[in-house]
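Below are structures written as structure tokens.
Each of the next two complexes has subunit A plus one other chain: subunit B in the first, subunit C in the second.
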Partner chain A sequence: MWTTVLVSGITLGCFYTLIAMGFALIFGVTHIFNLAHGELLVLAGYVAYWLWKTLGLSFVYTFPAAILAALLVCLVLQRLFSLLSEPLELNSIVVSFGVAILLQNGMLFFFSGDYRLIRIPALSHGLHLQPFYLSYAQLTLLVLSLLVIMILYLLMRHTYMGKALRATIQDKEAAALAGINVGAMGILAFAIGAVLIGLAGPLYGCIHYLYPTAGLQATLLAITITIFAGIGRIRELILGGWILGLAESFAVVLLGASWREMVSAVMLLLLLAINPQGILGKEER
Partner chain B sequence: MRKEAVVSKDLKRVHLVQAALLLSFFLLLLLPVLAGYSDYILQVFTHALLLATLALAWNILGSSGAISLGHAAFFGVGAYGSALLSHDLGFSPWFTIPLGGFLATTVALIVGFLCLRLRGAYFALATLAFVEIPKVITDNWDGLTRGSLGLVGLPGLPTLRLGSYSLDISGSPVGSYYFVLCYALVLVLVVTLIFRSNLGLALQAIREEEIAAQAVGIQVQRYRILSLLVSGFFTGIGGALYAHLIRYVEPGLVYGLHFSAIPMIFAICGGRFTILGPALAALILYPLDQFIFHPLVPAGHEFLYGVIIILTILFMPSGFWGHLRKEQLVSIKTGSIE
Partner chain C sequence: MTLLFKHYYAIGLLLLTLIWCHLVSAAPASIKIGEINPLSGRLAKQGLEIHQGVEVAVAEINETGGLEGRRVELISRDDQSQPDVAIARAEELCAWKKVLGLTGGYVDSLVGPISEVAKKYKVPYVASASLQKELTQRDNPYFFRVATLQGFVKPLCTIISRHFKPQHLAILHAATPGSTEFARDLESCLESHSVAVELMEKFRPGTPDFTPLIGKLASMDIDVVVSGGFFADHLLLVRQLKENRVCPKAYIGPFGIAYESFIREMGDDANYLFSTCAWNPGITQPGTEKDSKNFVDRFRRMFDREPNTTNMHGYTSTRALLAAMQHVLRQRKPLTGPNIRQALAELNLDLPMERLSFDRHGDPRNYHHVVVQIQKGRLVAVYPSDRATGSAIYPVPSWSQRK
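Take a look at the complex of A and B:
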């Protein structure tokens, strides 16, 4: 039984890393806290749900549509955030909180408040490997998350675009002096973040119920993992995702499913209590 | 000659604003008559006044420059504290409402202990996360709180009698309206006193330049936590009043985004560094939402608040009341100095 919990925790953790990566990238490059991150994820999930349920589209083909929807909203958000004045971090929190309220109510209007789940019959079975049980849904989640994380890692390490993004994360002014278009990097970060959200959203709709206010949980866990990892560190993001995924899995088994919601909030408060300077303080040390 | 004209024009504007304030005060006093004792209109304005008190309470902390996204924690604890004490132990609501406020203050103390060293964005994130804790505990502690089903049939506020005259507070919309109006006026007075006291001046110094405030000997941490406690106390009282007015509590309701986001949005939109701004924003925007946007878009009408906060931060970060007041002060000052 414990190995099953362990496996589900790691699977969940990989998926959480996928969710957090977009948030971390956007924050790293632009210093914008996007509190509407979870709402964007739920929106991508709803788009996939709608195409799958009403148009009968195969689940695989819902990803491009979800990515497109996330891209559209993210690029509008990027324009909106570029209008903000200092203090950027605090103002971006308040404005993106407003965006989150806007998106929640928009989703309530278009998709109603009912709980939705993307149920794929093929994914409900699983493998009875001897020490544990792995459902096909978990397997899909694990493989896809790891694949996307790996692709992003390679992109960040081995392409000019990735190197330019990392340079901007490390030192905006030095990057600009080296001839990197920092403004374009901000747009690029939002675009890559949107692609990640569009990939994660439909998967989210398979494992969690979709409802208009579901996004807050996803936002909190993205923030928690990002603050744990610091910015521009994909390996630490994976570690943070695993810790959170495992903590949630064990909380569900030991305390009950309804306590799961508290795990990321408690971990975020602990992280901030230990490191009150937040993300950037860690970088300067 | 020209200078005097500028000054007198500004003075005229000040008088105009004062007259408008006085007029709206009388309108509020006479509202039941003006609304023809319509239950619906009175209920909307009662809730608007309650939200106004929450925005005023939020602003006690907000005036230090801190932004809390989690005041629903204090609201919910106040509501549940007072509800359980009066429902299970049979105490009078007059006694349990202040107790609800003190319970919320205790929670504010915990928040202060956890978040006192955090600044700006990180304080906001911590408060956003903190709400989840009392919410999940209330949701799961079935034996005490009845869990997610909530608590129905709470005792209402008793009828006040003065000689032959009586006012049924919880039973009649008119009674609820005047009761919340009185509480709102008391809170305006309290906030005015706080803003003019040493606490208010210290908070103002902290929000302008924290390091400079510390350098002139203001005990920054002490005043920050004091403002958090006072703000939490009045938010808890607001929650307790709400519980006894609607006679029903439920975790999703009292810990919901509604009571975290909306007072914050009213306070920022009205003007974080003003006394009346938050209350005025509540009295204008909530009826606007209920009377115009709710009939138009029954599901999703609260998108209005998202739009308002985005526009406020982008175009009028000091809030509409702050904007109005600042312009007056600046122009009068330059008029007299020149």
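Take a look at the complex of A and C:
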């Protein structure tokens, strides 16, 4: 049982990481606190569901369409947020809350309040790796989240664009003085964030389920993981996701299912009290 | 001449106005009833379903001439799945819109606050979907409901203890008042029938991963699982049971499984799941087949789809309220809150879902579910035997044995 719990904790952590990545990147670069993140993710999931269900498109091919839809909405949102004045964090919370409600009601109108599930029969099978069983759904999550994190890491570390993004995350004014177009970095962050949302959305519909207000839960998760990892820290996101996933999974077995959320909340509070910079964060001097 | 014409013109206009005023005042005023449901937010799906049932009941009465010739006007409000909004909407309907009765409502956390406002304004409230015992024990004479927890517990307790006879039974329930009470009542009933509950676990509705819990079930060799979660929880739990190749002899989900939409979303994996159902187009109270068919036909005409048990709960509660109002009018009494309340307390109405009469607490006396199993994508009533339309398949085939 313990290996099953371990595997499920890690895959749950991967799922959390995938949900949080877009939010973390956008917030890190632009300081826009996008409360509509979860709704965008669910919208991408609905696009995939619609293509899969009504047009019979293979699940794999729904990803480009979901990415495109997320990209369109995210760029419109970026324009909207660019009109906001300081304090940006606070104003973006208010505006994105309104956008979230708008998207929720839009999805309720177009897709109804029914729960939707993208059923991929192949994912319900798996591998018997003694002493545990790894379903293809878990394997997909594991591989995809690691792959995305790796690509994002390479992008941020080894390309000029990534270095510019990191510089903007660290200090906007200094980056601007160094000749980096901070405004363009904001658009770029939204674009990359949209790609990540477009990847996570269809998976959300496949691993979890879709309904118009599911976004709230996803947004809260994204905020928690981002705080856990530390603002602007992409690599630590997966570590944060894993720690939360493992803590929740072991809490279910050791303490009972009702303790699951309590354990993650206590861990988050402890982390904020001990090291507010995130799991591996160091205090800036 | 012009002056004379002007005078005639003014007098004519005055006469016309007087005639119009007389006609308007002579026309019977419509009867306003209020409905509060979660039409948006996390409970929007269920709220919209209740709302549709309410609309069918109102359309039905208006098509047959209304209540003693008076048209029924339905004022619908959305509580956004939030108790504070539910209170504000109830205040608006009772204090400002002056409705004569309230109906609708889904889950106790929303129904409870509405019932308190109804009590304050002496407006009878017939709730469509509420289960928590405490709500009918608060000494609120204006609160009635068409469902009760015992309607779920009794048939499940009997089928599990007499027919399934599990070695290791688990009850999982959502962290909501209704589901928690259901789990406790079922546990005590089963224990009184010498069936031990090996595992009792509470989880938050909308939990993103059940795998650790499934690991626990497998390690304890649980053979029958009763899950008091809701529609979405079953979607995830059943799918993850399959992914982890864990197949109990029976999986019973009293809330949220006996729905066409659930079967559609789950596909073949929905087969062999057990649930309970108060009504379904194919499962109705004996003797109410014609009424049931009329409801189904009207519903299809209005919404272009098959109705389900939640729709029927909305319809039943509204029918109860309208029947009580009709009774008051026929007795030539004024249509006041206390009179309607009295008529509800004395109500005896044969409806497709139940023979509706209320006890002194406002709970329905004859709300009985049937145990159903999904077989080949269809709901089959398997218990009690007098209402069964097929036999239960127990133990269910393992995942690998299924096509």
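Convention: the second predicted complex is superposed on the first by the 248 of 285 C-alpha atoms of A that agree within 3 Å, B and C clash if a C-alpha of one lies under 4 Å from a C-alpha of the other, contacts with A are read in each partner's own complex, and residues count from 1 in each chain.
Keep in mind that, in the parts below, a contact is a pair of C-beta atoms (placed from the backbone, for glycine too) under 8 Å apart; a residue touches a chain by one contact, two chains touch by 3 or more.
Fair warning: this is a prediction, and the values are worked out from it, not measured in the lab.
In the superposed pair of complexes, A:213 makes contact with subunit B and with subunit C alike. Shared-chain residue A:83: touches subunit B; no touch with subunit C.
In the superposed model, A:261 lies in contact with both subunit B and subunit C. Using the contact criterion defined above for the overlaid structures, shared-chain residue A:162 touches neither subunit B nor subunit C, since it reaches no partner. When both complexes are overlaid on chain A, the residue A:124 reaches subunit C alone and has no touch with subunit B.
Using the contact criterion defined above for the overlaid structures, shared-chain residue A:102 touches subunit B, although it does not reach subunit C. Legend: residue contacts after superposition of the two complexes on their common chain; A:113 is shown touching both subunit B and subunit C.
With both structures placed on the common chain, the touch criterion links A:252 to subunit C but leaves subunit B unconnected. In the superposed model, A:4 makes contact with subunit C only, not with subunit B.
Shared contact residues of subunit A with subunit B and subunit C: 104-105, 108, 112-113, 213, 216, 256, 258, 261. Within the complex, the subunit C residues that touch subunit A are 40-42, 44-48, 81, 172, 175, 201-204, 206-209, 211-216, 218-219, 231-232, 235-236, 239, 242-245, 261, 265-267, 269.
Residues 67, 69, 114-115, 117-122, 124-126, 128-133, 135-137, 139-140, 257, 261, 265, 268, 297, 299-303, 305-310, 313-314, 317 of subunit B touch subunit A in their complex. Across the complex, subunit A meets subunit B through its residues 33, 35, 80, 83-85, 87, 89-95, 97-106, 108-109, 112-113, 213, 216, 220, 223-224, 256, 258-259, 261-262, 264-266, 268-269, 272-273, 276, 278. Residues of subunit A touching subunit C in their complex: 1, 4-5, 8-9, 11-12, 15, 104-105, 108, 112-117, 119, 123-124, 126, 133, 135, 137-138, 208-209, 211-213, 216-217, 245, 248-250, 252-253, 256-258, 260-261.
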